[in-house]
Every structure is written in C-alpha cells, then in structure tokens.
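Pasting the structures here.
Next, two complexes with chain A in common: one pairs it with chain B, the other with chain C.
What follows is the complex of A and B.
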C-alpha cells in the first residue's frame, strides 16, 4: 500500500574534478543523507589490498611482519573491486580464499648486489592481473626521474635479499584502514553572509580594514574602486565567530549576519588513487542502495523466518 | 527483527544487526518526512555491538509498512542522486572541453593570424 512518495530531489553541481580530487555541491537534501554518503565513502566502499604475505627470504633490516604491514598499506588500483567477491563468500576456491575469482597474486624479488643502497619500491611488486597494480603516484609531467620511483617498502644493503609472495583480497575500510579508498572526505555547510550596509557606512576605512583583518581566513576585502567591504570568498569562512566578536567589540553588533544554509553542502573528496574520486561517489551510492535493499528484504517476515527459523515466529509474537 | 504487539500494529521497534548511524540516521530522517509518523527515533544500545533499534509509531498504518515505504523512498533518493551526479560529471567534462576549444582557437588566431579556426 504505497501512499504518496515523500522523496526529496537533491541537486548536484561539480566545482572541480581531477583524478584523485573532487569538489561538488549537494543541495536540497538533509545532513543525515550527506553524512551517510561520507561515512560510506570512508568505510564501506570495497577496494583491493594485500592481505596475506608469504615470505621466503628476508635479510633486510625490517622484520617480516613490519614488511607485511607496509605491503598491506600500498594502494592498488581497484576498479575490479565492486564486481569481485569477498574471499569468505567465494565458492570456486577450495576454502583457502586464493583462487583467481576472489584474489590477486603478487610477488616481489629484490636483491642488492651493488655497493649502493637499493630501494625496494611498490614498482617492484609484480601482479598476476594487469588491472590490479600498485597505484602510480608520479606526476604526469615527470620532469625528474627520481620522482617516479613509487612507494618505498624497504632499503637493502649489499648482500641483503627480499623474496615474497602476496595475496590481495577485497575488503572494506570498516575491517582495516588499508581498504579505505578515500584519503579525506569532508563536507561543509554553505554559508550565507549578509553585510548590514547602513552600519558598515558608519565605519572609517581604518576600522573596516581592522575588522577585515580580524578574520583568520580571507572572507572579506575592500573593493579598490568603491572602498566598500565586499565578500570575496564566502566558503573560506570556517564558522569561527571572530568577525562577529570583533564587530561587537567595536560597538557595532549586527554588522554582519552569517548563517549556514541547512540543506546545502560542499563536499571535498580526496582519493588514495585506488579508485577515481568520481567513481568513488558512484560506488558509495551503490553500496548505500545495497544496504537499504538488505534491510528492506529482511523486513519481510518470510525472510525473517529464513534467518531466524522458529525464533522468528517467536519474536513476532507468534 | 521487529518487536511489536500483535494487537497494536501501529507502534514497534525494529532491531537491525550489522548496522550503524550510516543507515539509521538517514532512515530516521525519511521517516520524519512521512506525515503518518507520530514518533520515530533510533538508538545504539552499545557501541561495541553492531545493532541499531529504530522505533516507529504511526497514526494508523502498520509500522512495518511505513518503514518499508521510507526505505523505498530513500532508495529512490539514492538512485536520483546517482543519476544527477552522472549528468553533472558529463556536463563538467563538456564544459571543460568547450573551454579548451575556445582557448585553442584564440591561441591559433594569435599565432597564425591569417588562418581560421581548425586550419593549420
């Protein structure tokens, strides 16, 4: 019995977009929806990371588990992750979770033979699947060869060797932070700044400059042509009330009125490189839909019976 | 898992396992939008236990129906956000390409003044 739908229809506008950085506006939705998106992006979008390491030879200065920990934190390109199965759910392998459907195998062989220190980097990790490789963090300009080395895992001296085999699996940030695809996800309320022009007229240029200086970030400035105070960057405002306190201290309360628009958010997303920032948002929405589907289905009493058996009937009061 | 009374279907508490604020706060918000709901809220009995209790009290419809409708609405909202996000990405890319084309034609005009656009 579906009544009228009480859905709201949000709006999105993209401000800036690069491979690993995304800034967009989300309007006409509630803070709980924005927060749910943020939480899912950080903790529940699946990626691929090294999870099991078998070390054959390690004569470096770092011990085995230290190196295994560092290998786990290396970001791997995870475009396959959404389609892949979790190792624990895979029925194709014989239980140890190492088949080709649910995992990717890597190996690394390094031995220092020269007198110069050998840097073992993420570029030395050789993958069995060319679509899952350590993220290439070098600049596209690449004017300096030393910038393109990759993440350093360990440094070896003459005679030291490192040989290992690693298995990478799908996981989510909730289990371990190595699987989190987002470096930072933040959202802020969009500020609405209204300057009281009458009160502003009563100030001298010196007082105006003082008042503008009192803000830790550059939100206001003096227009050189008209000598008026104008808002130059409303989003630099960090909701500290410094300008309001300064106005009160100068004896002019109500000089400026700043309030946060309750349904307008500006998201800033930085990705580790495992997934593109725009793809990260799309995957986050998919994961949120899957969660809702799971809850929706389990509300059906037949499903509850499957899950809980006789207990389901007992819980329903039957 | 629904804890309710057989006689009064209008009010019950839904206990969801393996859930946290991510889902519960958004569902609570969409429930509040529905005028059939007189009371709704959620609580997490213990932070180490991944369990959420959502309480729904309605004006007459069974609480589970109202909850199902809200979940449906929330899924629709997610789908909508996804489609407008995809459109916004395409628009952004188009506008960047258009900007590059305009800049390119200006550069072309300044370097090769006699040629028109796209000639070389």
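What follows is the complex of A and C.
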C-alpha cells in the first residue's frame, strides 16, 4: 500500500563552472542530503589509480615501495571508471585481476645518459588505454615551460635506470585516498542578513566605518552615493559573530540580524582532474542512488512480514 | 593488530547474515522469558545487506541492521523518516566505529533494552516500520532523480568557461 509521499524537490543553480572547479547553489533540500553528497563525493565515487607495480630495474635513490606509493597517488583520467568493474568482481580474468575489462596497464622506462639530472615525470607513463592517462595539469596558456612537465616521480643521475610495469584498477576513496576524485568539497549555509535601518540611522559615519571594519571579511560597505551601510557580499560571511559583538560593544544590540537559511547550501567543489567537477556531482548522485537501492527491502518480504505481523500481534497480546 | 581490513568498510562478505543465529538467539530468549512458541521472533534477512527484527515489547517497532554502511546513508534515511507523519520515532547509530554497520530503529519512548539495534522505527498503527522504511527509500530515490535532472538542465544552460 502506498503511503503519502514525502518527497522534496531540490533546486540547483550553478554559479561558476570550470573543468576542475564548480560552485553551485542547492536549495530546498535537507542538510543530511547535502552532507551525504559531500561524503559520497569525497569517499565513494570510483576512479582509477595504479594499484600494483612490478619493478624490473630500479637504481634510483628512492626505494621500490616509495616509488610504488608515489605512482599510486598520480591522478589518472577516470571517465571509464563508472562503467568499469571492480577487479574483485571481475569474472573475465583468471582471478589475478589483470584483464583488460577491469584494469589498465602502464609502462615506464627511463634511463639517464646525460650529465644533467633526468626528471622522470607522470608524462613518461605510457598507458595501454588512451582514455586512461595521467592527468595533464599544465595550464592551457602554458606561459611557463616548467609547468608542462607533469608530476615528478623521481630524479635520475647519470647511469641510473628505472623500468617498471604498473596495473591501475578501479577503487573508491574509502579504500585508499589515492582513489578520491575530489581535492576539496565544501558546503556552507547561505546567510540571510537583515540590517536594522532605524538603529543604523543613529550611528555617525565614523561609527559605521568602525563597525564595518570589525568584520574580518568584507561583508558590508558604505554606499558612496547614499552614505548608507549596504551588504556587499553576504557569502563572505564566515559565521563568526564579530559584527554582532561589535554592535553590542557599541551599545546597539540588534543592529544586524544574521541567520543561516536551513535549506539553502552553497557547494564549492575542486576536483583533482581525474573526473570533471560537474561529472563528479552527477556520479555522486548516481552512487548515492545505488547505495539506497542496495538497502531496499523487497516487496515479498513486506508481504511475508504482514502475514507475520498479525501472528506476532496475537503472540504478544496473547 | 585487531583492526579490520580497509575493504571491510564497503565489501559485503559472501554468505553473511544467515537467519540461523538470529533464530537460535530468539528461541533461547523466548523460552526463557515467554515460555512459548515457535516463531522466529519476527526477524528476517532480506538480502545480504539488510536484516530486521520486530521489537518484541513494542508493537509496530522494528530494528534494521544494514551491513557495510555508515553515516552517509544512515543520516539521510533518518531525516527522511522524520518527515513521515506516521513514524513516531526513528534513530540510527553505529554500534562501534570499527564494526561497519548501522542500526536504524524507532521506539515508543519508554526505554528499550537493546540486543544489538541499529536503525529503529516505531510507527502508529497506520503503517508498519517496514512500509515506512521502504517509503523513505522510494522518496529519497525520487528526490535524487529530480536533483540529477535539475543539475543536468543547469549544466546545459550554463555557459562553459575555459
């Protein structure tokens, strides 16, 4: 029997969108949903990262496991990750988790032959799948040659060599942080700021300036035309109560009223580059839906329980 | 030394949560305190992730144990259950941070002894805890669908910056 639906209808508005940075507003939903999205983005959206390293030759100054650890932390473009299978679930390979469906193979060969130090970077990792490559972190404007190098793995001197084979697999941040696709995910409540105009009139310009400066971030300013205090950037407010304390210290409590809107959130997402920031949000919603579906009760259980329910009632009552 | 493996946080081991341990526990419980009957105490293993037990002392109350989940799912479910008017009480907890499961439960307000509860839901006679639980998950599913569509629409409308 279907009960009344208690569904919410959230609204989204994107403020700023770049490849690896996203700022958007989420309205008309609960804080638990916003927090669940944040937790999923950090820990449960799958990506691909190097998980197994076979080293043939290593005469560098770093030892084998050190280099393997660094290789694991290199972000790889993971658009394939949602469709890929986990290695442990894969039935195509013969149990070693290295088939083409559940993993990607990388090679690295570097040898220093000159007197100059050779930087082995993430650009030297050669992938077997062109859609999964180390993330290119260089700026598109490319004003500085040093920015184009990629992530440095190790530096080699003359005569030192590094040769290895690496397997990258799908994983989630909960298992190891190398699989986390998000650099930072934050959300804040949107503040609602109301200035009491009558009390504000009673202040001199000097007092108004003093009061505005007591806020560590620039939330208020004096309008040059009307000489009134206006809210210039409500979201710069960090919920420190400095302006409220200053108003009380000046003898004017209630000068401004600031409260957080309970169902309005501003998300700021920075991605490592493995997945685009906007794609990250969509994947997070998908993963959260899958989690909820996994804990769903099936319909036949409900029926069985209903039959039981009467019996149980009799037993308890009788 | 005693810490469980990292993958235990989300990988459900195969063949877990058989009904038998619950039955035997309850048989013992029933025989010792109620001197009766052969029901399985109203517990059930739905799939290998979720199992639930009806509360023996309070009508319309049940405890759901969800394996390998944490606050991400627990808090969202709990807040959604609060919105349902026929649910009198809903709460969840993690029994221990190193045991990777949550228990969701509702009680009538007069104290309850715990065996091992995780999510408790206590409802009025209009609906059963199982219905409330299912309804909550359905509503959350719909909300997430709506959110996804809203986000995708916004993405197409918003001009891309490079």
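Just so we're on the same page, the second predicted complex is superposed on the first by the 296 of 318 C-alpha atoms of A that agree within 3 Å, B and C clash if a C-alpha of one lies under 4 Å from a C-alpha of the other, contacts with A are read in each partner's own complex, and residues count from 1 in each chain.
In the analysis below, a residue touches a chain if its C-beta (ideal position, glycine included) is under 8 Å from a C-beta of that chain, and two chains touch if they have at least 3 such contacts.
Quantities reported herein were computed from a predicted structural model and do not represent experimental measurements.
In the superposition on chain A, A:176 contacts chain C only, with no contact to chain B.
By the touch criterion defined above, A:88 lies against chain C but remains apart from chain B after alignment on the C-alpha atoms of chain A. Looking at the shared chain after the overlay, A:14 reaches both chain B and chain C.
A count of residues in chain A touched by chain B and by chain C gives the higher number to C.
Of the two partner chains placed by the overlay, neither chain B nor chain C lies in contact with A:59. Residues 1-3, 5-14, 17, 24, 26, 29-30, 32-33, 35-36, 39-40, 43-44, 278, 281-282, 285-286, 288-289, 291-293, 295-296, 298, 304, 308, 315-316 of chain A touch chain B in one complex and chain C in the other. Note for the complex: chain C touches chain A at residues 6-7, 9-11, 36-37, 39, 42, 44, 46-47, 49-50, 52, 54, 56-57, 59, 66, 69, 71-73, 75-80, 83-86, 126-128, 130-148, 150-152, 154-155, 158, 160-162. Of all the residues in chain A, the ones that touch chain C in their complex are 1-14, 16-19, 24, 26, 29-33, 35-36, 39-40, 43-44, 88, 140, 172, 174-176, 278, 281-282, 285-286, 288-289, 291-298, 301-302, 304-306, 308-309, 311-313, 315-316. Residues of chain B that touch chain A in their complex: 1-6, 14, 16, 19-23, 25-30, 33-36, 61, 64-65, 67-69, 71-82, 84-86, 88-89, 91-93. Within the complex, the chain A residues that touch chain B are 1-3, 5-14, 17, 24, 26, 29-30, 32-33, 35-36, 39-40, 43-44, 278, 281-282, 285-286, 288-289, 291-293, 295-296, 298-299, 304, 308, 315-317.
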